[in-house]
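Several structures are given next for inspection.
Here chain A shows up in two complexes: once beside chain B, once beside chain C.
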Partner chain A sequence: MTRYVLRRLAWALFVVWAALSLVFVLVHGVGDPAAATLGPRAGAEQLREFRRKHGLDRPLLEQYARYVAGVVRGDLGTSFRDEQPVSRVIATRLPRTLLLGALALAFELVIGLGLGIFAALRRNTIWDTGTVALTFVGISAPTFVTGLVFLYVFAFLYGWFPVGGYGVDALDHLRHAILPAFTLAIFGAATYARLMRSEMVEVLGSDYVRTARAKGASRLRAALAHAARNAMLPVVVLVGLQLSTLVSGAIITEQIYAWPGMGRLAFEAISALDAPLVLGVVLVTAATVQAGNLLADIAIAALDPRVRMTG
Partner chain B sequence: MCSIRRTDAGLAKRLRASLLLGALVGAGCPSPPQGPRWQGAGSPTPRRGGTLVFHHESDVRGFDPHTSFDELSNMGIKLLFEGLLDYDADGHLVPRLAEAMPEVSDDGLTYTFRLREGIRFASGRPVTAEDVRWSLERMLHPRVGSPGLTFYTNLEGLDAYRDGRAQHIAGIRVIDERTVAFRLRAPDQTFLYAMAMTFANVVPRENVERWGAEVARHPVGTGPYVLESWEPGVRVVFRRNEHYWRPGRPYPDRQIFELNLSREPAFLRFLNGELDIIHRQSPADYLYLKRSPAWRPYWVQRPSIDLWGYAMNCELPPFDNVHVRRAVAHAIDRQRWARTRLYRIRPTGQPLPPGLLGYRPDLPHTQRFDLEIARREMALAGYTLRDPDGDGIPEPVLTVEMWIGEGPTGQVYGELVQSDLRRIGITVQLKPVSFPVYLRESGKPRTVQSLMTGWSQDFPDPADFLDILFHSRAIHDHDSENRAFYRNPELDALLDEARVERDRERRGRLYERAASIVARDAPWAFTFNSMKLDAWQPYVRDYRPHPVWDNYYAELWLDLPRRRIARQVGGGGTALAWLGWPWSLP
Partner chain C sequence: MMDPRAWRRFRRNRGAIVGLALVGLVNAVAWIGPAFAPFDPSEQLEGGTDPQTGAPVPPGTHLAGRGTLWLGADEVGRDELSRLLAGTRISLLVAFGATLLAVALGVLIGILAGYAGGPTDTVAMRSIDLLQSLPFLLVAIALNRVIDRPDLWVLCLVMGGLSWTTLARVMRAKTLQVRELEYVQAARALGAPAARLLLRHVLPNAIQPALVLGTTLVAQMIIFESAMSYLGLGVRPPTPSLGSMLHSGQQWLTHQPVLVLAPSALIVATVFGFNLLGEGLRDVLDPKD
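Let's look at the complex of A and B:
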């Protein structure tokens, strides 16, 4: 187990490094960060000064070596646009995105798993058909439509939620997060519901569930205590894979609801060609993807005694 | 058969139930407001107090007047800092920290300013002439890398200072505690405008030294407000500066700047009364405001002092031929563009925006849509147009590449150029690129064949358009501002003469001639000046869009306490019809 985790960790480090290196080449090759930051009014001298100040006049390989050395020391550089340490900018945005992502995940799991189990238990009835149809809508509806409609109806017309924004204190942040989290959760909930339904349908027909029923377990108990645990395995894998979206944020949702998180930061950084900030966001996202995958593997082993990790 | 009938009956029942549910939801849904939700108390005279809330779509970079120069930062900088000069509500230069306009020496080289008495920084320390010099020298120091440098290169002794050969700029001389003089290398009529720019705002040395690179987050100035709090990416709160020198000003106690608020939620918040002023709207919200009688007294639309056009690279064929450029300039149907853009643009065919010295509506050689002239110019360029099927679209004789900024707006303008130029046999291939790539490549000679481009004023003077966009001095190996790479010695000489001319009338005539030459030679097909719509709540009083500063809210007042206008309830059909739900329609 330890060897397996160590090997996975080494692989994760390699993937993060590869992603970072690729993005480094891309962001330094596609345009001029000096012109992007200073804008069209900047004269040739200011542009030269900017490039000198940020080391952009050095050969690309030297810039790369300096950047990697900085990352190893824990220094992610300074944002061109904000002139702030990248780690500080990310540290400000990350908790906001985590709050939104965690709430969205909670909605996804509660709604998705609930609907999936419900549809499986009511298989081949109108309720099952209705639920599946609903999940189709959830998967198909684009966020920029659902987000705007929810914002208009539930926040503006009914006034149940704030019209976008982040709020001023912890409770207010949570209140502001509900509607964007729900919008964000629709796709995931529909996906989980479909997955859970198909897994449950399969598991509910298996021998051990029949045995549990024969031994006197109620239908609900057999479903929740016996079938759901095994049906959860692919869901856990999917949750692990989707952990990265908790960190990278959701650009469109954050845009619609004016939620100042990582997704929006990534969009702004890419638009402004703020290379250190883009790389910082990539680093955090890539690391989270790897961590999510690893956690998913470990969780599978914990849930299914038949799965054992070997070196 | 029986089971089929049962199913039919069941379906019908379920359908009826769904419709009933829909109707109930529709009936309970409040209707959207038809006008403002809040109105003022009706005070006839300005009152102090209240909090003004406004917004922007992105995040603010910082509040350092010497390094920040984007629209967003300037909105805050104008509340926090001041300089010797500023503009009044009509766009005329007026003294701000200076007690009067400067004395100008006979040779037009020396400008002497005297500071007002009793001016203090927000920290309470009095402002001196030494602060003015230190601030300018800080801004112009190579270490700071200010984008404002280009506006002050005429200061005597600047090169020696920047090279490290001199400790101070010889052209800035402190005469006494309240008097400071600036000496130029050559007369320059744009110098006073440069002194009104935020780059020339005065900052306290001790604050800059205390915070170093972080000073943009800890601004201290002489402006009407001080920074109370700043939550990055969320909001900035400004509080009234208790040391402000103008008695009774500013009126609102606080101004809150909501950040990262995109247009749609911003507009809904505005309708709710959570935002007091908005300055950008989606096309749908723009139309709503323009068509709503209830909102009519509370918005104003005005042209921005900017210029947009289709720039053609005069170094590259086919645009090295003036007849092709003229053909293009006459093939652009500017009225159609305005219709397509819902009249959020104002068509133009010349290089100076209205309101600037040298602007003449009837300028000779003004570019206008005329297909006959355009086709004649194509013939003069050696291209014979054939239209065998008689549909008004000749067979293509030329293919050109046009660079556009990524995003829907660039695409729309690209397609408008495409369809216009088809009518003179030119096929336009669009090349969408990111803004950084666009800036880098279009500034290099002989690289980009044509592009959609624009410019907005740094200060309200024709030199800020003509010198930067069309003078051959603005052509470099990299980062050229003259992106059409247009060279004309006659124009250069005229612009150089106009820049130093002290007689305003004569200067205006020189710029008229210059503008006429540029319109005639058509390095750009000039297309439009953009229009801006500002809307405000009824309780926001005396707001008038500033002709120079975008979103300048320092002079208005709030007619408080505001009163809620009774809100309509029911009539959900309206709201749901807005959403396009057919079952809610009558």
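Let's look at the complex of A and C:
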């Protein structure tokens, strides 16, 4: 098990490094951050001065070596635009996205598992068909569509929620987070509902559930205490794999609701081609994605010894 | 390749029929629709925006001597309906282009990896792992921002080049399966060259999963394109696409919601249609699963 975890960890580190290097080559090798930051009206002298100041006039390999050495020391450089340390910018933005992600995950699990169990218990009735159709709409409606529609209906028409923004204190942050978190949760909720339904249908037909019923457990108790517990295993694994989408998928949602988290930061940084900021965001995002996948893989290996042999 | 009973199964599959109808409808909008567009989609109409407030005129506004703007004007006074028709065409074009590229890459790489085995296989599979682990949208918008050519071909290349991995995995598994079949082993023992084995025995088995995955891939590409264009880093203005129309329409969300709702409806209909059709094809072509 330890060897498996170590090998998996090495791979995760490799992926983070590869993502960082790929984006480094993209931003510094293909793009021109100096021109992007200073705008089209910058003179040749200004550009030269900017490049000299930020070391952009050095050979690409040297810039790369310097950047990686900095990252290893924990120094992510300073943003081109406002000269702020990248690590400080990320430290203010990341908790906001984590709040959004945590709330979205709660919505996903409550709605997803609830609908999945409900549909499985009402199998082959109109309720089941309706739920399955609903989840199909859920996986087909992209966040920018649901986000804009929710914003219009629930924030503007009904005024139940604020029209975007972050709020001023803890309770206000939460109030502002509900609509974006719900938007972010729809796809995951629909995915979990579909998986939970099919798992439940399978488990409900198994011998041990029949035994539980025969021993006098009520239908609901057999379904929840006996069947749902086992049906949830694959869902838990999927949650680990999907955690990453809550971080990277927040780009669109945060853009719609003007939520100043990592997703919006990523978008701003890429639009402005603010190289140190782009790389910092990619580093943190890739690391989060890998951490989620790693946890999921370890969970799978812990649950299923066969994976350890082959993986 | 296709079971003659498949069509009968297909007709009985309600989801697949609805999917096919939606896909047909959206394609009609995209390919035939622009011929009936009441206006030039890029013409800023005189009287398209309110001279005082600058707001786009509402749906149903009649411009004397020009015709009626059934869905009103967009933020700079162009006919929304005509733009919607043209935008659907662009979105489908990009999605189909990217899907074709992804399917071609996926089938090719998957089959070669599965057939060759050994180091080729290892390299291919690890590259797929790597590509699937990258923060997808982030890399895509960074790529498109850096290339910075508002060119539909570039967009297709970026999207297709990042989306072939799932299909390649399936193709590889399928190839490994077929390679061990007795009649393929027999053909190999008789000295059939590799190219012939791949073309005659492996490729035909690849068609069904490619069809199913390709159909759902179109849905994903529609979302992908709209997401990038919504962020302003996909199809760039003034070219209309469903995503870029959302991008420019959202500033008028409260005054003129049709500018957001109309492209949204078309996106959802398209994605829903291709997803249903893909799911239906899976049921029909592979009843075992």
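Here is the rule we use: the second predicted complex is superposed on the first by the 295 of 311 C-alpha atoms of A that agree within 3 Å, B and C clash if a C-alpha of one lies under 4 Å from a C-alpha of the other, contacts with A are read in each partner's own complex, and residues count from 1 in each chain.
One rule holds in what follows: a contact is a pair of C-beta atoms (placed from the backbone, for glycine too) under 8 Å apart; a residue touches a chain by one contact, two chains touch by 3 or more.
Just so you know, these numbers come straight off a predicted model, no measurement behind them.
Aligning the shared chain A places chain B and chain C in steric conflict. Legend: residue contacts after superposition of the two complexes on their common chain; A:22 is shown touching chain C, with no touch to chain B. When the shared chain is aligned, chain B comes close enough to touch A:166, but chain C does not. In the superposition on chain A, A:89 makes contact with chain B only, not with chain C. Of the two partner chains, chain C is the only one touched by A:139; chain B is not.
When the shared chain is aligned, chain C comes close enough to touch A:266, but chain B does not. With both structures placed on the common chain, the touch criterion links A:251 to chain C but leaves chain B unconnected. Judged by the touch definition given at the top, the superposed model places A:238 against neither chain B nor chain C. Within the superposed three-chain model, A:282 lies in touch with chain C and out of touch with chain B [touch as defined at top].
Touch criterion met: A:53 reaches chain B, while chain C stays clear of it.
Mapped onto the common chain A, chain C and chain B collide along 148-156, the only clashing stretch among 94-102, 148-156, 202-210 or 274-282. The residues of chain A shared by its contacts with chain B and with chain C are 30-31, 148-149, 151-152, 156, 255-256, 271, 273.
Chain contact summary for the complex, chain B toward chain A: residues 29-32, 58-59, 61-62, 69-70, 142, 145-147, 149-150, 213, 216, 231-234, 258-262, 264-266, 268-269, 271-272, 274, 434-437, 439-440, 443, 455, 458, 476, 478-479, 481, 575, 579.
Considering their complex, residues 129-130, 133-139, 141-143, 145-148, 219, 223, 226-227, 230-233, 243, 246, 250, 253-254, 257, 260-261, 264, 267-268, 271-272, 275-276 of chain C touch chain A. By the touch criterion stated above, chain A contacts chain B in their complex at residues 30-33, 35-36, 38-47, 49-50, 53, 81-83, 89, 92-93, 148-149, 151-153, 155-158, 163-166, 255-258, 260, 264-265, 268, 271-273.
Residues of chain A touching chain C in their complex: 11, 15, 18-19, 22-23, 26-27, 30-31, 136-137, 139-145, 148-149, 151-152, 156, 244, 247-249, 251-252, 255-256, 266-267, 270-271, 273, 278, 281-282, 285-286, 289-290, 293.
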